[in-house]
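Take a look at these structures.
Each of the next two complexes has chain A plus one other chain: chain B in the first, chain C in the second.
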Partner chain A sequence: MSKLYVARSLRVAARGLDGEMMIMSGRDSTLFTLNRTATILWQAADGITPLDEIVQQQICVKFEVEPTVALQDAESLARQLAGHEILQISDQPIQQPTLAAGESR
Partner chain B sequence: MSDLAVDVERLSLTIEIGNMPVCVHATDPNFLDLLQERYAGFVSSSAQAEIDFDVELTPLRFANPDAPVRVAQHGGRWTLERGDFFAEWEPGKRRGWIRQTANPYSIDAALRIVHTLVLARQGGFLLHSASAIRNGKAFLFAGVSEAGKTTISRLAPPDVTLLTDEISYVRKNDAGYVAFGTPFTGELARLGENVSAPVACLYLLAKGRENRIDPIPPGEATRALLANLLFFAEDEELVQATFHAAFEFVSRVPVFRLTFVPDPRVWELIG
Partner chain C sequence: MSGLLEEMTEKARKLNIPLSVQVDLTYRCNERCVHCYLDHDDHGEMSTAEIKHLLDQMAEAGVFILTLSGGEIFLRKDFFEILEHARRKLMFCVKLKTNAIMIREPEAARIRDLGVESIQISIYSHRPEVHDGITLVPGSLKRSLDAVRFLKSQGLRVILANVLMAQNMQDYQDVRSLAAELGVESTLDPTITPMMDGNRSVLDLGIDRSALRQVFRDPALVGNVEEFCAIAAPADDSTLESLPCSASHTTCYVSPYGDVFPCVQFPLPTGNVRKQKFIDIWRYSDQMNEVRSIRMKDLTTCTSCTHVSSCSRCPGLAFMEGNMRGPSSQDCERSFAKTGVPSANMLAKKRLAENLVQIRTLSSVVGAAGAMA
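This part shows the complex of A and B:
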């Protein structure tokens, strides 16, 4: 099974508040609020760490969840966020300018 | 040809909202009289306008003011478009023009848009909210249509100065935020007073069975603020600036939920 890489889109504005991440699309001003799990995924989406490693290292250690189930859920979530153009996904590492975790321009 | 050319006298009127004078130039004195009446209290004698706007009046034609607004920037020039007007504005040159029929509503919409664009770069915004000054402090009352903006404005006692019943004008400065009166009216159809005061707090309006004020979490406050901001531009940089401005505002200004019955006693809680 090929690896999936995820990276935060640079075309959004994002801020964390009270443990949840709010993200606004720069394209159409749509506002998204991420839950705790999605926030972890967003913050770890550096374009270099494969999604399965993010799930193992960041999600499975914080939530009591089966790794295969967690990975399926994370993939589904990543594809949803990519559909809204707030996350990029690729089967290759994604090169991006360095951003602080969870913050945007 | 030059012998036949006729010099058309350009008349002008300066409309100053939120300390930003905009000089409107037109050739039709009746149109400027219309604006003089529409913006009474906001007409300024300021000699130095921040923006000069030329108005080109077109004959009456079918136009839909409910058509979607389109605001975009290309090469430093903004285009503002709705069913009833087309305008361009070049911030670098401080000049713009608008083509519309002789009505006060089209230019009013264009002015609102230009103010949102200017404010977005300065950390301020226009907000769907009533606002008023009491005891030297400004209070904002935000909510969607029917939330109670007009009602709370109508219930205000005589010692309250109404800034607007519909769209609040908020500027950021070193000390915090300042709310200005606006001529942008809602159902009350009464222009705000052309004065300003530091913003003391933002109330999110909710009609209920009693008058009460409750704190709300910062995340909810930010979402509510963002939902009530006026913003039209299809421009990533300004969207991001406005997004961060909302967070900044909530971090510095208290936000509460104000539940109220349509009764003047609600004002006993404010100020």
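This part shows the complex of A and C:
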């Protein structure tokens, strides 16, 4: 199975609120909120770390979840977010300018 | 406001997070709009580094929506550097307010590349003689509309903002048609804000009661006129416990000099980011907390008013009239124009005026007595 790389879109607005991420689509200003798991995926989406590593290193250690199931869910979520143009996905590393992940206290 | 944004706003309020902040980058302007409330001289604007530091602090504090306004924001030579910092580094949802006369194709493309959410542009009329007569800059309507087209061609969300005055009252429908023709949104606001030094003479430029009544009965603007102009149900306990507006709860305003206020239309100084951290002003300023403590039940005069549950009362305009817990006359006029029922404030003023007439009668009696002596 080929690796999947994920990167935060340059065109969205994002901010953490009480552990969840608010994301506004750059395409049509639609607002999304990500739950805690999706927020972890978003924050780790640097375009360089493959999704399976993000799942293993960030999600499986924080939630009691079977790695295969977690990866399937993460892939599905990544594709959904890419459909809304708030995440980019590729089978190659994604090069882009350094981005913050919209964290706040 | 969308349901989700409303939900997020309520969450931010409970957590005391300033979700939405307007920062005026400058008060300098290349137009001289007759109704403008600003002093356009530069009294020591924040530097690029100071603004970037402020934006860093705001992102850390949880600010999501950042409105950059002025003055004319494009007069700052570092505007794109600030915008790039706000978008690329801090991922704010950025809205711009501008007259757009300095936006040409390259600027429009750059705004698109930086993922700005919307650009609000002041357009007062579809007729150059009226628009330019308000901005006092010949050719400004053409330049602003050219900019609208450049921005629109980049796929950006553009909003034409029209302030309604006696001078342009007859043109608002044509401005709306123009917006539709250009494929952009439009807003209409009859509010004129007093000058920052307290001078209220600009209010004379506003539309009169009959024009306001006409606007509120235009179905193209308000939808169902009967519903829009209906007298609201009496206030219940939940209305009286509710907040007058979002100022100091989830929103605030920062001037080009670093002064923080509850809102752009609420000139109560609460602190300065050159001396204190933004978050400390937001959380601990006595003035911010005083505004935050006010509930509808605390309003003088307004709690006994027929319109209390439907009024658009602006606490900032009330503050500029002398009492942040008092009525805002402009909003009383709106409620009256909608329903035909005078507000408690209007009735109180009328009683006061009647008393003044009695005083005049008394003095004329004294005068008569003096004449007899």
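Definition applied: the second predicted complex is superposed on the first by the 101 of 105 C-alpha atoms of A that agree within 3 Å, B and C clash if a C-alpha of one lies under 4 Å from a C-alpha of the other, contacts with A are read in each partner's own complex, and residues count from 1 in each chain.
Quick note on the criterion: contacts are C-beta pairs under 8 Å (C-beta built on N, C-alpha and C of every residue); 3 or more make two chains touch, one makes a residue touch a chain.
All figures in this text were calculated on a predicted structure; none of them were measured in a lab.
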Joint occupancy of chain A by chain B and chain C, clash or fit: clash
Count the residues of chain A touched by chain B and by chain C, then name the partner with the higher count. C
Of the two partner chains, chain B (first) and chain C (second), which one does A:13 touch, if any: first, second, both, or neither? both
Mind working out whether A:86 is in touch with chain B, chain C, both or neither, as first, second, both or neither? neither
Contacts for A:71 in the overlay, against chain B (first) and chain C (second): which applies, first, second, both or neither? neither
Considering only touches as defined above, state whether A:29 meets chain B (first), chain C (second), both or neither. both
Where chain A meets both chain C and chain B, residue numbers: 11-13, 15, 17-18, 22, 24, 26, 29, 31, 33, 104-105
Seen from chain A, its contact residues with chain B in the complex are 11-13, 15, 17-18, 20, 22, 24-29, 31, 33, 104-105
What does chain C use to touch chain A in their complex? 2, 4-5, 8, 11-12, 15, 17, 19, 59-65, 87-94, 115, 117-118, 157
Residue ranges of chain A touching chain C (in the complex, touch as defined): 10-18, 22, 24, 26, 29, 31-33, 97, 99-102, 104-105
Please output the residues of chain B touching chain A within their complex, sorted ascending. 217-219, 222-223, 226-227, 231, 234, 236-237, 239-240, 243-244, 247
